[in-house]
Amino acid sequence: MYEKFRFLTSGESHGKCLTAIIDGLPSGLEIDTNYINSELQRRQQGYGRGGRMQIEFDTAEISSGVRFGKTIGSPVTLVIYNKDYENWNKIMSTKPEDMTEEKSFTAYRPGHADYAGSIKYNHKDLRNVLERSSARKTAIEVAVGAVAKLLLKKYNIECSSKILQIGNGKNEIEFHQEIDKAKEAGDTLGGKFEVTFKNLPVGLGSYVHWDRCLDGRIAQAVMSIPAIKSVSIGDGEHAAEITGKNFHDEIFIENGKVVRKTNHAGGIEGGMTNGEDLTVRAIMKPIPTLKTPLNTVDSCTMEETEAHFERSDTCAVEACSVVAESRIACVLANEILMKFPTDYFE
Amino acid sequence: MYEKFRFLTSGESHGKCLTAIIDGLPSGLEIDTNYINSELQRRQQGYGRGGRMQIEFDTAEISSGVRFGKTIGSPVTLVIYNKDYENWNKIMSTKPEDMTEEKSFTAYRPGHADYAGSIKYNHKDLRNVLERSSARKTAIEVAVGAVAKLLLKKYNIECSSKILQIGNGKNEIEFHQEIDKAKEAGDTLGGKFEVTFKNLPVGLGSYVHWDRCLDGRIAQAVMSIPAIKSVSIGDGEHAAEITGKNFHDEIFIENGKVVRKTNHAGGIEGGMTNGEDLTVRAIMKPIPTLKTPLNTVDSCTMEETEAHFERSDTCAVEACSVVAESRIACVLANEILMKFPTDYFE
Amino acid sequence: MYEKFRFLTSGESHGKCLTAIIDGLPSGLEIDTNYINSELQRRQQGYGRGGRMQIEFDTAEISSGVRFGKTIGSPVTLVIYNKDYENWNKIMSTKPEDMTEEKSFTAYRPGHADYAGSIKYNHKDLRNVLERSSARKTAIEVAVGAVAKLLLKKYNIECSSKILQIGNGKNEIEFHQEIDKAKEAGDTLGGKFEVTFKNLPVGLGSYVHWDRCLDGRIAQAVMSIPAIKSVSIGDGEHAAEITGKNFHDEIFIENGKVVRKTNHAGGIEGGMTNGEDLTVRAIMKPIPTLKTPLNTVDSCTMEETEAHFERSDTCAVEACSVVAESRIACVLANEILMKFPTDYFE
Amino acid sequence: MYEKFRFLTSGESHGKCLTAIIDGLPSGLEIDTNYINSELQRRQQGYGRGGRMQIEFDTAEISSGVRFGKTIGSPVTLVIYNKDYENWNKIMSTKPEDMTEEKSFTAYRPGHADYAGSIKYNHKDLRNVLERSSARKTAIEVAVGAVAKLLLKKYNIECSSKILQIGNGKNEIEFHQEIDKAKEAGDTLGGKFEVTFKNLPVGLGSYVHWDRCLDGRIAQAVMSIPAIKSVSIGDGEHAAEITGKNFHDEIFIENGKVVRKTNHAGGIEGGMTNGEDLTVRAIMKPIPTLKTPLNTVDSCTMEETEAHFERSDTCAVEACSVVAESRIACVLANEILMKFPTDYFE
């Protein structure tokens, strides 16, 4: 948990709502709910999304910590209500008397949390794992990330992301082709994307202790996103092949100021921002729920069977990039608050 | 900082010593100092190391927390004395009256912490940044990792690592060729390695909250190692190209037990260990200190100049893999202590 | 924030609701909502309460982490809706266009957070401080404490509290007399209470590092309750006058088991539970809002004036003791999970 | 562990040394070793101290993080070597072959950590508990506190303490009489002291979340000192008897500035500093080691016996007040760094 910008999230995929409590925001920060909702919409879009994503757009409500459009210094609570909850309120009921086997399943889905989660938490009905392991929870993380981005904007820090690869496709035309191909085959695709943050001050993070290195914190924030299996900073993925003369970003003087002509380092040297654009790349594995099911085992019968099918996205790389922006924004918001003291904005 | 296995390290590269304090170890854990020292030796070896690494082997002393070969439950202190300190005790003196410009330098070394560190901590003499940003501090981290490994061994958890790539070489013969080539050219090389942990229990880590995901914590621990620029779990680096049917590890039954035939996931699903080998790959950038210096700027004159040259390693990938083993061992030791209650070992 | 039982709370006194997210509960723990609500009722009762407390009883809703009456391992969200919110939804609106000076005030209330809070968070309207500094937030803390108590009950750990003193009264008849006297005089009263936890296992907490001492954690949890100004363990308040021969609890053997005949230590020795009842005493200052107002300064005019009057409780010691039980229960729940880590209850 | 000023300590009473690593200090802070040593001397003094305290004065060595008299931003290591170690190096040896029963004991000392600690950590030889539970470890905490005080002095924050009571004595003449009387009787005494910090800025700590309240953090820091059984802020110990009209510190204007004429609150309102002197009172129980031994049980034979006698202090209240100053200084140093974050002092 971060030192200054700390938060907890909660909520099951088909539960009543997703909630986040953020503590540590200065007072006087304008919170634009439309901006938060637009970020939530970005997460729901992207060629290759299906099913749930096309029901309705998520919207976040603020139930504490904001008065007349600005934070007041107390914890901010964000809530995204499940607009489909009425169809699930018995299945996800808190009451013992509502116990049901409806929507339950017992066949482990490979690539998901089902197997390990059912052993860890002693669940027979694997829905008890699915409901929280689902990527659905990233919706509230994007809302939290939007608040972090609003804080970063006060410091002129801007964020963007782009897809670099989907399947074997490396440009947008190829992306669509690859997705269509996979969809027809009842298969799924992962991909690679890059997130960039501009205008970061020099010296966020520190080299003095391993757990204060910014690249480490960013790597944790991104790798822990459901389905992410690889994280790189700058040209990190190629760093094995490039020799020293060609990898390191030389330093020059231009109009009395330090400039660089390359940015292989991705904006981080020695665990700190160095003034260049922060670039983070991540690779998402293909969604582990396929129309063509995978071989698995039923946890009750211990016999081989086919995996349960719940969702129908073919590819969610674009949504994932939005989540990555959010996660990194939270890390940076914490670093900004650690570096620039303020209990309030005027 | 971890919940149960927590530690702080300290020490400058040419200071009196490197120190670590580890709090949270159960009592009754046998601490084999020879084992710790053998791990320190592994870190100092590897084709392509030069200079400092061939002076003498590091050895660790235990100054608290261990009595008659076993932990007693109190914090354990590890110290690695700098065997070369007598040549540096004036230069690194704590006393104001010993202030000197000997060994000072002011030209930022690209790829190092110098630029950002000097701005962050307001240093004119960049040695004040170098001394702590140096990879030298990883020696004490390896000692801490050795203690973590001793704890993991109590649970039969074993660790190993191997180099996958150095420069463009993908086998040992090519590794040596690449290193020799680079050395002659006054250049440096990075590489890629893989760390494996076997026999992990199912269910370390959790999907319930992003910061409890094991892959995230491992990513932080490895990415924050000096010079690491990319971290992957399992076949994560290829996850964009492989489709869902081919990436996810199907589950089978054999003799009444769950087995898998593949391990693309690298032993982690849903942020938890799933019973398969944990495999982590990392890419190290080429060492940023080159015999052929890079273009840079002098922080005092603000004029262009050549970068300071301090070390002469050509390639340190093997040493880096030992550090990565240590870092991951610390993460896992914490998870083991979180999962299996014990204040003591019999 | 605690290692295993961690939570954040949020919510303003007259806001839409109070919220808590608890992460770290094992799965399979029965959550009895009636029990939570009965604890909330206890907090609202007590001779000397007035105003708000007699509107309606608080009730908590669970919006995540519980299915069919048991935890499932994911974060649990508790929400207490403000039943009076319709009268405050404009005054506490999140929207800029609803900005109003209704219910605003600018005269610092002595004994409250107003002065320091307005400077810290740059507030002109002191309501922006009052809304979160109010003891109202302890309602959701009592709900969290109820969940902690349910976990402790799985280990047969029981909790109770009693009032020792109110004003100068030391028994229940005197308590009522003192409160009536104060009420007539437009004054307020504080008091002293004791909380007891029975059946704690030996060895919760630790002496090995100052921040792991149980008495320290309990002291923090209780001292940080609004209006608490003193915390003692056992007979700590008398420990200056009693000599060593008379203070320390001697140890005896009875039927082969260790017993003690006294418990001046209050169940903690060396920062750990020692098997005896844990007894914690706390002193609450008189409520800082008096019908007879105190002299103060208006933050806008910087002229002397009388303090704003918002509530009308004369004495809230009983409610405070319920909050103290809850806070200590959270500390102990964390210690239990640290000592007996379990990811689930059968 | 604190957010910005974080540290770990280690070391057994008769081990080689006590060590502390402090991470989070800005660079450029002058570290005056003489000041640290003078604080260590203060801890060793006080009428009623005996035995160990009169061997030699402790001195602290700095082995990292300080260069030419100033911090450089990296972790600072403090070491206090045990000047008596040569008499203990076999008894406290880390080597299995040195195992000995010399200086071992098995009779639980009432009032100490022995009983709970031996059960928690599974020790037969209670020395394994005594060595770390001993108040000896507070020496290194005083060294850490000295560094914290040096940081506070940069903000003109000053600290002092005074004894209020020893036994039944309330002035210095009575203190000495009480101590002499107890010593003759083979008994021990506790006492009460007050620590004061002046010139604190308004708004350290926060009311927005219970664990950020400054009084709570101070209570934890002081209550966890060995032998402390009660902590109060301001006139907290009397807060039950004093009514609201008389307890709360009214606010006035004088020369355009806010002033108060009383300080019953002890400088904290709403969990934050309010500009008045911070006053903290603590009560120390009598030292649990008496020349006239207490009844106890031998852990091996499970038969009643007399408690082991190791030290001979009659009263250590003055030393304890120095430790309390140090502990509170660490809390405040963290708050100062949280409020006024600076990576360096010019």
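Lettered A, B, C and D in written order, each chain numbered from 1.
Definition applied: a contact is a pair of C-beta atoms (placed from the backbone, for glycine too) under 8 Å apart; a residue touches a chain by one contact, two chains touch by 3 or more.
What you are looking at is a predicted structure, and each value in this text was computed from that prediction instead of being measured.
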{"item": "Contact-graph separation of subunit B and subunit D, given in steps at minimum", "value": "1"}
{"item": "Most remote chain, CA-based centroid, reference being subunit B", "value": "C"}
{"item": "Winner on C-beta contact pairs when C-D is weighed against B-C", "value": "C-D"}
{"item": "Subunit A-subunit C separation of Cα centroids, rounded to whole Å", "value": "35"}
{"item": "Geometric centre distance via CA averages, subunit D-subunit C, whole Å", "value": "26"}
{"item": "Centroid distance [mean C-alpha coordinates] between subunit C and subunit B, Å", "value": "44"}
{"item": "Sites on subunit A at which at least two other chains make contact", "value": "1, 8-9, 23, 73-75, 117, 120, 132, 203, 206, 208-209, 343"}
{"item": "Contact footprint of subunit D on subunit C as seen in their complex", "value": "1, 8-9, 108, 110-117, 119-120, 129, 132-133, 141, 165-168, 182, 185, 187-192, 202-203, 206-211, 213, 215-226, 228-237, 239-245, 247-253, 256, 258, 264-266, 269-275, 283-288, 290, 292, 294-297, 302-304, 327"}
{"item": "Partner subunit D, residues of subunit B touching it in the complex", "value": "1, 6-12, 15-21, 23, 26-28, 31, 33, 62-70, 72-77, 92-96, 98-99, 117, 120-123, 128, 131-132, 343-344, 346"}
{"item": "Residues of subunit A that touch subunit D when the two form their complex", "value": "3-4, 23, 73-75, 203, 206, 208-209, 212, 338-341, 343"}
